[in-house]
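The same chain A turns up in both complexes below, where it pairs with chain B and then with chain C.
The block that comes next holds the complex of A and B.
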């Protein structure tokens, strides 16, 4: 059975011009033991999608305005806070982008991970301490007894991110959402952390949503990919076919803008996608990528394209692809 | 922490002044040369001398002894009312700043109303309604500081709630009360401590003001405020009556302000080492 299925999700935020949708009509699903990659530029709605699933949209500034998030047969939208709290940290966990700011500077790593057990009613006794130690070993932290007593600022970025992952795994969740888990890390540490997540997925049968702006990571660590642009999924499909045969001009552009050694002749410029992601206040009726697209047609400005299957399991939302 | 304090001249000065006043207040029965309440018409209005170091007042009471004893109500009221004000005000501020929305509106509206009254007017009204006693003074001055603490702590909580580790705590399934007490409060502590120190000076000043106006510590019990009031009529003939309590009050306020200032520098990592 599908573990998580997001259907037609829309999340809006208050702007000076009234509520505006930051994500609109986002649908995807994740199975147990599968890694779904969500790729896109800053402002494409990847993080808003993650925060919506976790129920972390601050009611002061925004809300989920439509769609459903079905987790293990239950709709998370409109769930009571107490019910959500019982799921968070236990069945759904999240790892943040910047481990230094995601760890409370006032607590040692050990106390901080122990907090998760305290939050779910397991107390802070010797048993919890032993479990924390076990978690630190699980994420391959050298000298776990020493790290237990350290404060976040006393350990390296890679260790901090491992500690964050250990915290997220406290109760062996079914779903792990990793929001750009390696953006703040050195490249060498990046690979270690991603390999760790991959190993844990296999060992613990985790479903993982890996959010990233690095399409190179997607190729290596995900089974399926959803490419987001302007709050919508513009293309989705198995990682292999999507990356080798992208159908949406945006995905094509993203892949072309990845620097590759030897692929370029001297003096040749790296491909870029002109322009920037539209802000949520300046969204027009047509395709949101139209203003930056090389294949723009009159239809693109009038009507938003829907996701249509182009190859087995691979779908793109593009008029140009459809016409081709 | 202590090492950091000792490295800062400002902190050392503040701490010494505050410590000196605390010692005077605590040791009053042993170090005061005379009974602060003992009347002796034979030595009325004497200038400072070898016998009475700081002179005597109209009733022949020793000014030095009264001044030492006067430190007690000032510091006691200062500490107690700041403690109560801090406890209640911080709780309000934390809840309002963390939850925002209607909780914020409900909690902060009364706070805004209290803040819109001038301190002395509100204090006079409250003491007049409650009647002057040490306990009522503490209640009154606490009530003055509750809204001020609430404002400061709310601002801090509002800033902290946006941080990633608060989201991380929510993601881990922690309840709001646990997040506030375990994550927001410890990180707001530095700000709260500094605010306490600075408000302590204010509280002592308010106490002195109320005593001066005759609604604070009631004579014959000495307090710096009522000593100033009693000496005021003869300020030219017997300047020692007003000068010394005034100096004590000033030194205490300077002490607390210096300490607060230094603590802010020490506890705020952004300012650490900037001006040592």
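The block that comes next holds the complex of A and C.
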């Protein structure tokens, strides 16, 4: 059963030149127990997509300007704040990239995890304390009693990220959104955290949206992938087929430009994608990748391509792929 | 003048300790040994990778080599000259030969200077060129790293991250250094831009006969750009050798764990990254014996009591009681 279905989502932000869309026409779905990877660089719109689902776009600077976000049969776009707050932290949770800036330095880990229960009206009594302790055990924090009383700066990055995950799991959510959860962590700790998320997905039947720019993480920890560029999904499909037979020139270029462990031949250069990532203010009518693309045709500058299925479950938005 | 044995840099038994702030004047002095007995040899034209987790001492090591810090023990010989305690003119001369490329091109360039001024700054400080000559050389360097004469007149905020890192590299090359230290040179850049910078560094190395020391936590990048690699754990080199040797036949359990923790890029080879338990220990109170023993699957009583000596077979160093 589809748990989350995002349809034609557009989110815009105020710029000096007027409102500009950071994401434009984004559609995907996630099932229970499934991990969807969203891959993209800075400015691709992957974090804006996550924040839109969470209802965390600051109304002072931006807004969802089109489309729908259907979660368990209910459209989240236009929900009242109180309704959103009842869902957030309870049925949809998010883990952020940098645990040190996401945690409040003035409160202990125990108080901050407990606050989730307080915010949802469950009080801060002994029962809550016991549940917090249980959560810390669930995420395999050694010495959970000790960590409860610690402040964020007193524990390591890996422990902080586990505490964040514990907080996100307070009410066993249906959907967990993890935005670059291991970018700030060392590689050995990264493996611990990703394996933890994967174990919880299996045990708790979580649906997970894993946002990352690391191809290795996509390959090892996701079932399906959506590749974003310039605010749109340019390619989507099962991780296995998309990574072994990418169809969109951006995906092809991205996979070829990343050095892989054990694949070096002496003197060999990496394949480059020329140019730079476009900014939100310089968006053109056609394909957003056109200016960096080796297969650019006149049509690419005029008309934006739509996602078209190229292989079972795998779709690319590209005129060149379609012509090939 | 180059040393007779073809060595550009030799570091012997280097150590750097920092005093830990005491709570009262009667408390015993304690030290963090950020770097503790490191030996490095770098030949002309060679690239050495330094790998380790945050807090292992990589950056302290780099700062000692550049003599931004004065080490508390050991010897640094650059091009046959002992610079361990060099001062004044001698130190300035040494610094001409070694330059630094910083991790974050957003934070390391003065926003009030144009690109050409940024590159000219080291020339003004340490060369005898006239103003016009220095200007021409700066523009030439910017062209060498792929920017245009017109772009030389722009300010840092007008450039993308990748272009800024190009300016940082041009600036490092201004004084014709023999050694360039790069601390995580691409980790702040977008994935599709990283290949451009890594290829540029490789091309410059060939053209100018540079030697690099590249600090990175990304093993795939080290694999791609380095000839030799040193793996650091808690201020000590635990393994060092040719990249192909160390990565294909790692002998130290820590190196093995690091390599196993990197998620594989091929989704058809799904295997959960092998986990290494625990965190980096507190460096103010390192464990006795081998500092890796609390996390090591092969640890024995000997490892808990005695720090292992470094042994070398076929140019491959390892500091472990039970190497593979």
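One rule holds for everything that comes next: the second predicted complex is superposed on the first by the 321 of 324 C-alpha atoms of A that agree within 3 Å, B and C clash if a C-alpha of one lies under 4 Å from a C-alpha of the other, contacts with A are read in each partner's own complex, and residues count from 1 in each chain.
We take it that a contact is a pair of C-beta atoms (placed from the backbone, for glycine too) under 8 Å apart; a residue touches a chain by one contact, two chains touch by 3 or more.
Model, not experiment: these values are computed from the prediction.
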- prompt: Clash or fit: how do chain B and chain C relate after the overlay on chain A?
  reply: fit
Message: Looking at A:119 after the superposition, I want to know if it touches chain B, chain C, both of them or none. Which is it: first, second, both, neither?
response: first
- request: Using the touch definition from the top, say if A:56 reaches chain B (first), chain C (second), both or neither.
  value: first
- request: Please work out whether A:88 is in contact with chain B alone, chain C alone, both, or neither, and reply first, second, both or neither.
  value: first
- prompt: With the two structures laid over each other on chain A, which partner does A:164 touch: chain B (first), chain C (second), both, or neither?
  reply: first
Task: Classify the contacts of A:101 with the two partner chains as first (chain B alone), second (chain C alone), both, or neither.
output: first
Query: Thinking of the overlay built on chain A, is A:270 touched by chain B (first), by chain C (second), by both, or by neither?
result: second
- prompt: More chain A residues touched by chain B or by chain C?
  reply: C
Message: For the superposed arrangement, I'd like the angle with vertex at the C-alpha centre of chain A and ends at chain B and chain C, nearest 10 degrees.
response: 80
Message: With both complexes superposed on chain A, which partner does A:78 reach: first (chain B), second (chain C), both or neither?
response: neither
- prompt: Across all Cα pairs of chain B and chain C, what is the smallest distance in the superposition, given in whole Å?
  reply: 9
Message: Taking the stated contact definition, name every residue in chain A that is touched by chain B in one complex and by chain C in the other, in rising order.
response: none
Field: Contacting residues of chain B [partner chain A, same complex]
entry: 100-101, 163-165, 167-175, 178, 182-183, 186-187
Query: Can you list the residues on chain C that touch chain A in the complex?
result: 53-54, 160, 162-163, 190-196, 198-199, 202, 217-221, 223-224, 243, 247-248, 257-268, 270-276, 278-280
- request: Show which residues of chain A lie in contact with chain B when the two form their complex.
  value: 54, 56, 59-60, 85-90, 93-94, 96-98, 101-107, 115-116, 118-120, 164, 167-168, 170
Message: Applying the document's contact rule, which stretches of chain A touch chain C when the two form their complex?
response: 41-42, 142, 156-159, 186-192, 194-195, 198, 213-221, 239-240, 243-244, 253-254, 257-264, 269-274, 276-277
